[in-house]
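Got a structure for you, written out below as structure tokens; questions coming shortly.
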Amino acid sequence: MTIQEIRDYLGQFFDAVELAGSAERVISGPAKIETAVSGQVGFIANDKYARFLATTAASLVIVHRSVSVDEFIQKSSFLKVDDPYTAFVFLLQKFAQPRSIAAKGIASTAVIGKAVSIGEGVAIGEYAVIGDRCSIGRNAVIGAHTVLLHDVSLGEETVLFPGVTCYDGTLIGKRVVIHSGSVIGADGFGFAPQKDGSYVKIPQMGIVEIGDDVEIGANSTIDRATMGSTVLGRGVKIDNLVQVAHNCTIGEDTVIAAQAGISGSVTVGRHCLIGGQAGFAGHLELADNIQVAAKTGISKSFLQPGIALRGTPAQPMRDQLKHEAMLRNLGAMKDKLDRLETEVKELKNK
Amino acid sequence: MTIQEIRDYLGQFFDAVELAGSAERVISGPAKIETAVSGQVGFIANDKYARFLATTAASLVIVHRSVSVDEFIQKSSFLKVDDPYTAFVFLLQKFAQPRSIAAKGIASTAVIGKAVSIGEGVAIGEYAVIGDRCSIGRNAVIGAHTVLLHDVSLGEETVLFPGVTCYDGTLIGKRVVIHSGSVIGADGFGFAPQKDGSYVKIPQMGIVEIGDDVEIGANSTIDRATMGSTVLGRGVKIDNLVQVAHNCTIGEDTVIAAQAGISGSVTVGRHCLIGGQAGFAGHLELADNIQVAAKTGISKSFLQPGIALRGTPAQPMRDQLKHEAMLRNLGAMKDKLDRLETEVKELKNK
Amino acid sequence: MTIQEIRDYLGQFFDAVELAGSAERVISGPAKIETAVSGQVGFIANDKYARFLATTAASLVIVHRSVSVDEFIQKSSFLKVDDPYTAFVFLLQKFAQPRSIAAKGIASTAVIGKAVSIGEGVAIGEYAVIGDRCSIGRNAVIGAHTVLLHDVSLGEETVLFPGVTCYDGTLIGKRVVIHSGSVIGADGFGFAPQKDGSYVKIPQMGIVEIGDDVEIGANSTIDRATMGSTVLGRGVKIDNLVQVAHNCTIGEDTVIAAQAGISGSVTVGRHCLIGGQAGFAGHLELADNIQVAAKTGISKSFLQPGIALRGTPAQPMRDQLKHEAMLRNLGAMKDKLDRLETEVKELKNK
């Protein structure tokens, strides 16, 4: 792909893509600005990396339109845009090879249940096991060793990597991606304590519903509801090793980082950002657009949209930062207290 | 099932199940009180939900015997009991469909090792791999893709969902349930540091022993002992993504919530409740009936039964709550200190 | 193996292995000192266990050379060494049976892609799926149900337990061990926020590179880089349920305990010890030989080698312990403050 072709490609999505330098070199692929070699394209979105303008071997660099590049155009070409990072992400997508997770068609070793509906263009990998009455949407991809129990539904273009398990009744939307080892629809953790100290299992009769454009990382667990549905809204993004317990509802476009855990019957709003290793007590609610710092422990509902939370137990960022500043100041408080004690003693002795 | 039949069914287990309203309507299944439709049965165990008495469309509601329902019996019937929640759990079990994890018999694609003993009524799913000298108890169910290495023993009616892995020598009791992706008996994390800064692996020669009526969630890991056994006592319930390290002993009927982690050689007593994301340092002991709050970090033994723990490092709940109250009061302390400083200055200036 | 033979075996690795008591008894295997029976060998490396010298039924006990054993040599024999723990680890390795994960050769049910290179002595288990252009080193072992996508390379004597998934392009060194359920090379968690609040996926085009002698526990996740490589250096040891995000570099011989999480683009030095459930914010750096306590939350870089870190946010151990001592002292501070307040009031009233 020549620099001219890259310019034209980005020009479809972004206004005013301005070229400085040669348009003719052929670009082989993207790279980090600090390790790029001749023939590659990098980007600089941050002043911290501006020093690489002079030193990078990249043949093309995407920069902000305010960056002055004239002295470097003998060495590299430049595309000047409003948002170099997003422009570069579009280039990454352009250069990305379609990944081969499973070949088109149904592998001869796959086991397909009764009354399964399979759309056009589907790829089902080696040793996949598809239960009765499942429905696989057009162009969906099911990796090797993935297991769908009965009555699972996958929307169009959904991709399950190898080794995903979906329990019975799971409903998955379109263009969903689920990485290896994730378990969707296992039983919620519900046991009724008995007088003798043992527990009786509470049957988990509900399902999991996953909206369109959701992505779930590796080895995460989304439990089925006791009754009704555990719901991941459209566009939710979930990292690795995340726990979403029974009867949770996660709002659209909410992002949950690795190892966070959401207890049963929690409702999280839309467009929230949940940091890694954050934890939620059960039966609480978070409004829309809330940011939860990593490792935060949320013990009650927060219903004001747009706030940031931090600490265990969590409180609004401002209160928590004030609290943490006070904690850091504890030594000074102690010193002042000791000094006052001495002064009071002296006053009394007068 | 008619309301009369439900009354008779619950009457087998609970004293004095009292009916108010029609006994004849047919009930199709259970539902949450707030979303139940006509023909369904719900329950109210909590005053917070009492407002639904007037508005629910449920045809039958399980309530506490103290609840006054006379004004609603035209709309719904009521069963009055001592413990509506537990009565409802029994109804859930009654309505639950037996789940089809694997068909009875041995799937033609399953690989069975040498000298394997298989009880009557067993179901072994597609592509399951059973090692040499394994023993599968009567009516046990082994899901698709589940792997037992050599010398694994499963008790009667035990259920392994698809994609469970049991390492060699694992002993599992009766009526145990293990959800997908859990790994039982992987090597404990033991390495001896060498003078050059590298590590030599300590062979993990022990096994895992799991008692009767244990349930383990999805993607949890229970490591084998270095020597001897890692033990989960009868009735232990473990949620998703939990880590139990080598040589731990977890007492009977103890419950461990998601993402908790128990380090090596920890002994937890019976009937304990361990909250989500709690963590234990190694080689310590917890007495019986201890409650550990979510996210607690336990750094030493607690040998007094029945206490509650919280905080990092953990301390008894009462001390910790007092400590947290003092922390919340830090701003007031600071203000008082500043005021005293001014007053002392004034006194000195006199 | 007789005691004499054990002495000779240890003598190859350790200076001055001194025998006290009979050399002739036959030892059947190792055991913990507190549960050993006649015919077994145990060890005592810690004064806490010295009381077992008198009571153990072990026929052989490894002890430090300073321990006085004369009064017990009628009952047990003793080998006196400088480092009883390490000597015992070598004995464990001597007694350990080679584990049968998969039989030598390629199982008839394994699916092998095109242009795969397979070394001598390899064992590939039932239903393993090996993608195109993979390379499997000499004597490598691949467990049942393990899946390698395309272009994965495994070094000599590397062992993948059943149910490991390696995404395309993963490069794994020699003598690496990866336990069941771990997922190597899944997509890094990268999404570019759009103006409408939704996210566009950032293609994850890099790979994972794993050095020689690495061990990874069960159900851990090591994500591929966005561009370039996520790197685990030679000798890194990773426990269960650990998250290593995209573009991390973990230095040689660093040890990471269970449920720790390392965010994207973190660089950890060599010979570090990372405690369980510790968490790292993204884009930061840790020097060599740093110890991170369990549950620590690291929010910035620490570039001084050899320090210990603790707390959330993390600070050097010494500062943190001082801080924690001050927190424990808060009640006393409050009392002193109240007393001073009274005294100042009295002074003013004079």
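The chains carry the letters A, B and C, assigned in the order they are written, with residues numbered from 1 in each.
Heads up, the rule we're going with is that a residue touches a chain if its C-beta (ideal position, glycine included) is under 8 Å from a C-beta of that chain, and two chains touch if they have at least 3 such contacts.
Since the model is a prediction, treat every value here as computed from it, not as a measurement.
Asker: Same or different for chain A and chain B, when you check if over half of the residue numbers at their contact belong to both copies?
Answerer: Here the answer is different, because the shared fraction of interface numbers falls below one half.
Asker: Using CA atoms for the superposition, what rotation angle relates chain B to chain C, in steps of 5 degrees?
Answerer: 120
Asker: Any idea how many Å lie between the Cα centroids of chain A and chain B?
Answerer: 27
Asker: Which residues of chain A are in contact with two or more other chains?
Answerer: Within chain A, residues 127, 145, 163, 181, 219, 241, 259, 277, 327, 330, 333, 337, 340, 344, 347 contact more than one other chain.
Asker: Which of the residues in chain A end up touching chain C in this complex?
Answerer: Contact set of chain A toward chain C: 30-32, 35, 85-86, 89, 92-93, 95-96, 99-101, 109, 125-127, 143-145, 161-163, 177, 179-181, 213, 215, 217-219, 235, 237, 239-241, 253, 255, 257-259, 270-271, 276-277, 294-295, 327, 330-331, 333-334, 337, 340-341, 344, 347-348.
Asker: Can you list the chain A residues touching chain B in their complex?
Answerer: Touch list, chain A to chain B: 111, 127, 129, 131-132, 145, 147, 149-150, 163, 165, 167-168, 181, 183, 186-187, 189, 191-192, 197-203, 205, 219-221, 223, 226-228, 241, 243, 245, 259, 261, 263, 277, 279, 281, 297, 312, 322-323, 326-327, 329-330, 333, 336-337, 340, 343-344, 347.
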